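Order of writing sets the labels: A, B, C and D. Residues in every chain begin at 1.
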Amino acid sequence: MTIEEISDLLDREFPQIHDRGRVYEFASVEPGRAVVYFSANERHLRPGGTVSGPTLMELADLAAYVVILGHIGPVALAVTTNLNINFLRKPEQGRLVATCTLLKLGKRLAVTECGIAGESGELLAHATATYSIPPR
Amino acid sequence: MTIEEISDLLDREFPQIHDRGRVYEFASVEPGRAVVYFSANERHLRPGGTVSGPTLMELADLAAYVVILGHIGPVALAVTTNLNINFLRKPEQGRLVATCTLLKLGKRLAVTECGIAGESGELLAHATATYSIPPR
Amino acid sequence: MTIEEISDLLDREFPQIHDRGRVYEFASVEPGRAVVYFSANERHLRPGGTVSGPTLMELADLAAYVVILGHIGPVALAVTTNLNINFLRKPEQGRLVATCTLLKLGKRLAVTECGIAGESGELLAHATATYSIPPR
Amino acid sequence: MTIEEISDLLDREFPQIHDRGRVYEFASVEPGRAVVYFSANERHLRPGGTVSGPTLMELADLAAYVVILGHIGPVALAVTTNLNINFLRKPEQGRLVATCTLLKLGKRLAVTECGIAGESGELLAHATATYSIPPR
């Protein structure tokens, strides 16, 4: 799937992710890698103006889904089975960039790694996520 | 802190968690354990009516925070450093119950374990979360 | 499988785990739970006489395998796909007790949770492990 | 610390890691990254000649320690607080290469990421490890 097809699919199947304005931009997908941008609005912020932890988890999970869709196509319904995230630095305001790589694409499991960086390029969080892939 | 004091603190400091209606109910906190209820609304659901993965992650993270607040009090600003979650079964509609226990309360780190169950009591997800605790 | 059958199977198929003396004792397996004892010898210790981290990881992984074998039987070749461990307290010398519960036994994945305690009952480490189960 | 100093320190302080022959070779440490080689002997193998999971966990944990020592020096006693590992492919026989990068070096916590590859360069396992760093 191209990034446009993935973006259309997500808009159609998961409209909730945009329910308060478009915060995600599906930037690119290429062999083994996808990039998703995120622009926080009020509801993602915690006291002090930092983006909340659950917002970063959702971003990592979504970017993992994008890279998997890019490789297995729209027919498959993949679901997250495990997500592990380390929060490294307090996110500053501004756009976040999630870069997700595919560590393994097996018959049953896909394992991904995601780094989330701020505008300056500094790593704010790092996650690994495993998706279960239905029989193709 | 009592569960009422924690509930007041969260309402005051983290109003975003209730920004679309009160979905969380802080049920109890006792030595080593806290219970939080969650009632999904439209924005937490995925196609087929199941509660989304990020919603479960947020619930686990919040329940971990509640049990830690119950033990270290309101003065400390604890932040999540690691969260690991296994998604076990597809959540059915209805109220979810997150039960979070304190595995360790150290000087610098608190480690918690959370089970999230549905109305029937069946475990839907299981998470461990680590918080960094500022010097007291 | 009974605990005796599991113990025999492990002795036969994984003789390496006993290659420096019998450090593991497979204590019990019952629905949803298994218990494994561990008695460290010289090679498991670190400076100061504490049991090493990798020793605790191996114990958690093995106890998870025992509870899974107890439920799916000897025919299946299960392999670990993910292990997450939190080290909580410095292990004292003496026997360790790993108690492992089955969070989920699905068609493809089994998810387990293990607590490792010392003689006093205090929790030293906590792990979750996922095994991939071959088609039965 | 240079890689020679780290190698000497580990030989001196952790002689157990070499108790059955030198299986680890500390190849390099540079800003933000360390490389450790591993050559299995009989005790690391499982039926079929594959390197065991606990062996890979120990390698990841050790490589994480090397990159941290390279940055904070020999005075500090760092201990693992969390390790998460995904097993991706069955390790073939032959030398393994663990490449570990430093995601964060904070005042209290260091977070690392390790890829373990075989001779062919294919990724066999991927781990993240967090160490607690004592006050410097």
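Observations
The working rule: contacts are C-beta pairs under 8 Å (C-beta built on N, C-alpha and C of every residue); 3 or more make two chains touch, one makes a residue touch a chain.
Everything numeric here is computed off the predicted structure, so don't read it as measured data.
Each step here moves to a touching chain, and the least such steps from chain A to chain C number 1. In terms of C-beta pairs in contact, the better-connected of the chain pairs C-D and B-C is C-D. Distance from the centre of chain D peaks at B, each centre being the average of the chain's Cα atoms.
In whole angstrom, the spacing between the mean C-alpha positions of chain C and chain D is 22. Annotation: 28 Å between the Cα-based centres of chain B and chain C. Residue positions of chain C with contacts to 2 or more other chains are 81-82, 84, 86, 130.
The touching residues of chain C, when paired with chain D in their complex, are 13-14, 16, 19, 42-47, 52-54, 57-58, 61, 79-87, 90.
By the touch criterion stated above, chain D contacts chain B in their complex at residues 81-82, 84, 108-109, 130, 132. Those residues of chain B whose C-beta lies close enough to touch chain C in the complex are 84, 86, 88-89, 103-104, 111, 113, 123, 126, 128, 130.
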